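Below, chain A partners chain B and then partners chain C, in two separate complexes.
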Partner chain A sequence: MGKVMLEVKELTTKYVTRFNEDVYAVDHVSLKIEEGKSLGIAGESGCGKSTLALSLMGYYFSPLHYTSGDIIIDGVNISGMKPDEVRKSILGNEIAYIPQAAMNALNPTQKIIRFVEDVIHAHDPKKSKKEIYDMAVERFKVLGLPPEVLQRHAVELSGGMKQRTVIAISTILSPKVLIADEPSSALDVTSQKMVIKMMRELMEKGFIKSMIFITHELPLLYNVTDDIMVMYAGQIVEKGSAKEMVFDPVHPYSKGLMGSIIVPEAGTREVKLEAIPGTPPNLKNPPDGCRFAARCKYAKLECRTYDVPEKEFRDGRMYRCIHDVEYLKEVYGRDE
Partner chain B sequence: MSEKMSENKVTIKKGDSVLKGVGITRVFGYGKSRNVAVDKVDFDFHAGEVISIVGESGSGKTTIAKMILGLIGVTEGEMYYNGQPRDISSHKKKKEYWQGIQAVFQDPFSSFNIFNKIDDLLIDCINLMGMKHKSQEEKVEMMTEACSFVNLKYAELTNKYPFELSGGQMQRLMIARIFLMKPKILIADEPTSMVDACSRATILDMLLKLRDEIDMTIIFITHDIGLAYYVSDTVYIMEHGKFVESGSAESVIITPQAAYTKRLISDVPKIHEEWDLSTV
Partner chain C sequence: MKGYVKYYGQKVAWYVLTLIIAVALNFFLPRMMPGDPVRAIVNEATTGMTNASAIQQIEQQYYERFGLDKSLPEQFLTYVGNLFKGDLGTSFTQYPRPVTDVIGESVIWTLALQIPAILVGWFIGNILGAVAAYLRKGFDKAVMPLFMFLSNMPAFGMAIIMVWVFAVTLKIAPLSGGYGYDLLPSFTPEFIVSLISHYALPFFSIILITIGGQAIGMRSMSIYELNADYVKYSRFLGIKDRKIIGYVFRNAMLPQVTGLALSLGTMIGGNIVAETIFSYPGIGTTLLAGITGGDYPLISGSTLIITLMVLVANLVIEILYGVIDPRVKAAQQDS
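Entry: the complex of A and B
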């Protein structure tokens, strides 16, 4: 077992609306990532994927508030830190974050090298410009980006190039955890592949120690990450290795998600797409019991009354459903 | 007015050619900035067929869609609608043309007038179909039927504004509009690229159900090859304004011939085959 890079214990965070209502978008989430591993987070829009990413950084600003739980990065608990402290000592060198439209974050009036200087100066104000430039050129070369990019402005670069540049800049301090929130969904397939290839290289060359990859595009997740976690209404409903999750999902919700995968491969045309009926619950007042019960084909009366705990049934496999694995397998087999 | 129009309508059977283009070309700009967006393309779409036009950003997919819709002019070439040369020279004729051809766009929020309530948006469709004279009760009945087709409840939507709905609901409302209009041809320009995989399945299901019900021709404009493979009968692959390959979905996507198609397909992440990252 490798060294644990990131450990999250029962993390709960909430949004406070302007009417002072609490919305728990991340509800008692626990996860663990070892060195050299990557974790994918999948789920519908609004299930709390992006909120979890923001919460993991420990950098809270209104309306997002920390409620309880621990975030431990390489042995250091950051959950109680003040935002200023987090920005100075955690962001960039311990944990890095790439938002979806990261490429739009580049100020068009500045050359790319200025952003690199910004990142490094936030942690080490004494470093000279020459040192930073050499460091950036070296890192860009290793990642297959032309070093000339450093002297360009953002508007001179294509979308895919900008995205790769942003990734290179945000990982320049070799963070322990990289959180990528839909880093490639605004790009076409070829640029997407280049971004993914670069992220793989970052992992292989040890520039980042571990990665959390968030997307709703399951075939992509399957190809990029070691493990996949499915979120629903702020909770984790299933966790397992990528292969097991795609080909052998246990939770009815994961089963539904995997049923919506479309890939251009022979024979997949005949398989009927399964859409999950209904919409996710409103988290302002989440339903009692299992949150998926209202949309679940296999829900029983008990599902709506008792809270379902996370159940571990095999090494590293966990799910949150009242039914046994054997029962679920049987009903899936019957339905097919 | 409605009776007059129905008289003029040509009856088309499943499999007949509904829209045909010969040597369609569109040029933007002139002189140094002359840019040929669509370069002498030919196509023939049949009734009840599902077609996908696949290509990367900037390949000219949306330009073709706009020309088919009659939103922009055709620089060169002829378009035939229901077997006759298309005539959209006057506003009246355009209106008539749009009764048979409709579109769903990528961003549902930009397709609605934000100052109009949902009811008005749907009533507009009914009016455009030449049913302005119908009573309010009949209109409400039609709207209720359309909403229930897309699993929405009319009673919950009435008196609401577009921004009060979620993206998935809006996209389904777009389909409700199509249900009311019952066009012969539907152009779906990236209809699912803003929604997650789950809502994508719902929306595709609804569109295909609609196709079966009214023998509508659907033209998907997309960069998602998986989607093209799943829904379409015929696939056209587009590169730099030209069709580089076309044919049945099975033949084009499973056994691609053109180098461009091969590259495009190899760039999509798959789950049964190895995804080769070394090719970029």
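Entry: the complex of A and C
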């Protein structure tokens, strides 16, 4: 077992609306990533995956607020740290972020190199411009970006170049954890593949030590990450290795997610696509019991009354459903 | 570089075309006004004279002197020809002073009043708007309605209120004029004090209105920029708020620069009424005098100066914009 880079215990964060209502978008989420590993988080729009990405960084902007739980990066618990301290020593340095809208992530009126200088100076004010330039040239080269890019403004770069520039800037300080929030969802399939390949490369070269990849496309994760977590209505509903999650999902929601997309693997070609009926619950008033019950084919009366705990049924394999694994396997077999 | 030349070449061509049309309109429109300026001047000059043929002769002389005996197209050609020599003709009402003289004297008053007032108002307005956007809450709620009120106040309305409060009721400022009517322009302390006290009211009335408009624009631009993706991204890379605010305000300023250009360009025309209320000896007052007296060359000259200022201000801002905004620069190079 490798060194644990990021461990999150029972993290809960909430949005406070302007009418002072609490919306728990991340509800008691626990996860663990070892050095050199990557974790994928999948789920529908609005399930809380992007909020989880923001929450994991340990620095909160209104309307997002921290409620409880621990975030431990390489043995250091950052949940108790002062926000300014987190910003100065953790953000960008230990834990880095690639935003959903990488296209607009760069200040339109600033040269790329000036921004790189600002990022590095935020953590190491003494570094000279020359050192920073050399560092940037080297890292940009790894991502296939020529040094000229540094002298350009964001508007002068193509979409793919902007994307790579953002990845290069995010990882320039070699963070221990990289959180990529749908970095490829705005790109076409070829560019998506390239982004993923580059992120893998960064990890192999040791520029990043671990990675969290957030997406709504489960099969994309299969090619990218070691483990996959499926999120529904702010909670983790199933966790496992990428292969198991794609080919042997246990939770009815993960099963539904896999059934609603085409996996370009042998044996899955003949499968008929099926949509999951209904919409996710409003997190302002989450339903009692299992949050997926209203959309679940296999829901019983108890599902709607009792809270369902996370159940571990094999090493590293977890799901959140009142049914046994055997029962679920049986009904899935019957349905097919 | 080639793109630039082409871009500005096209721009300048458009500006020249605009100027040509403006010159024509400036010439013909005043001359379509009802009334005969010469008749009024002659009436005044010949008060007490009874000899009808002599009056007729004087009238004829004036027509010839002003060139009004020729046809309009002929007059226009002479006018354009003189323009190239920098000659705007002779004023009817202040005969025999050349129009360039009359305008040159009044334009200085206008520029000296408006440029400082607009610049100061623009700076204060932008700072207040940015602070309101950043602080929100109490400060924002307190000053925003005030800005709204100020920005929607027409210049003459503000001028009337200022005159009423400070000159009529409180009697701490003079009622009108550019300096005391009993003084002659000179470098004496007495004259300078009088100059400043006459300057205050129109100056502050312009500043207040400018502050209101600029603050509202800056506030909404800043709020928009504060929520931009690059702000979020910069924060999550650990960059300090102070630095990020630097990015935000630089970007929020860009449209404000256009606002500055527009107010500088239109300052003369836009404040004719305010100048009239304060009887400030600027170009607005001169233009008004020209219109009431049917002084065609003076009207054409004044409006030509206003047109030129608007065009020059726009062109300068266009060039400046390319320097400060790389997006505009890229667009200019591409054309």
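Everything below uses one rule, namely that the second predicted complex is superposed on the first by the 328 of 336 C-alpha atoms of A that agree within 3 Å, B and C clash if a C-alpha of one lies under 4 Å from a C-alpha of the other, contacts with A are read in each partner's own complex, and residues count from 1 in each chain.
Heads up, the rule we're going with is that a contact is a pair of C-beta atoms (placed from the backbone, for glycine too) under 8 Å apart; a residue touches a chain by one contact, two chains touch by 3 or more.
These figures come from a predicted structure and were not determined experimentally.
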Looking at the overlay, what does A:M57 touch: chain B (first), chain C (second), both, or neither?
second
Touch test for A:T305: chain B only (first), chain C only (second), both, or neither?
neither
Which holds for A:N223: it touches chain B only (first), chain C only (second), both, or neither?
first
Touching A:H123, do we find chain B (first), chain C (second), both, or neither?
second
Per the contact definition in the header, classify A:N107: touching chain B only (first), chain C only (second), both, or neither.
second
I'd like to know which partner A:V246 touches here: chain B for first, chain C for second, both or neither.
first
Examine A:T17 and indicate which partner it touches, taking first as chain B and second as chain C; both and neither are also allowed.
neither
Chain A positions within both the chain B interface and the chain C interface are none
Would you pull the chain C residues touching chain A in the complex into a rising list?
228-230, 232-240, 243, 247, 250-251, 254, 324-327, 330
In their complex, what parts of chain A are in touch with chain C?
57, 59, 61, 87-88, 90-93, 96-97, 99, 101, 104-110, 115, 118-119, 122-123, 153, 155-156, 166, 169-170
Chain B contact footprint on chain A (complex, rising order):
44-46, 188-190, 192-194, 196-197, 200, 216-220, 222-223, 246, 256-257, 259-266, 268-269, 273-277, 279
Contact set on chain B toward chain A in their complex:
56-57, 151, 166-168, 195-202, 204-205, 223-230, 249-250, 253-254, 263-265, 267-273, 275, 277, 279-280
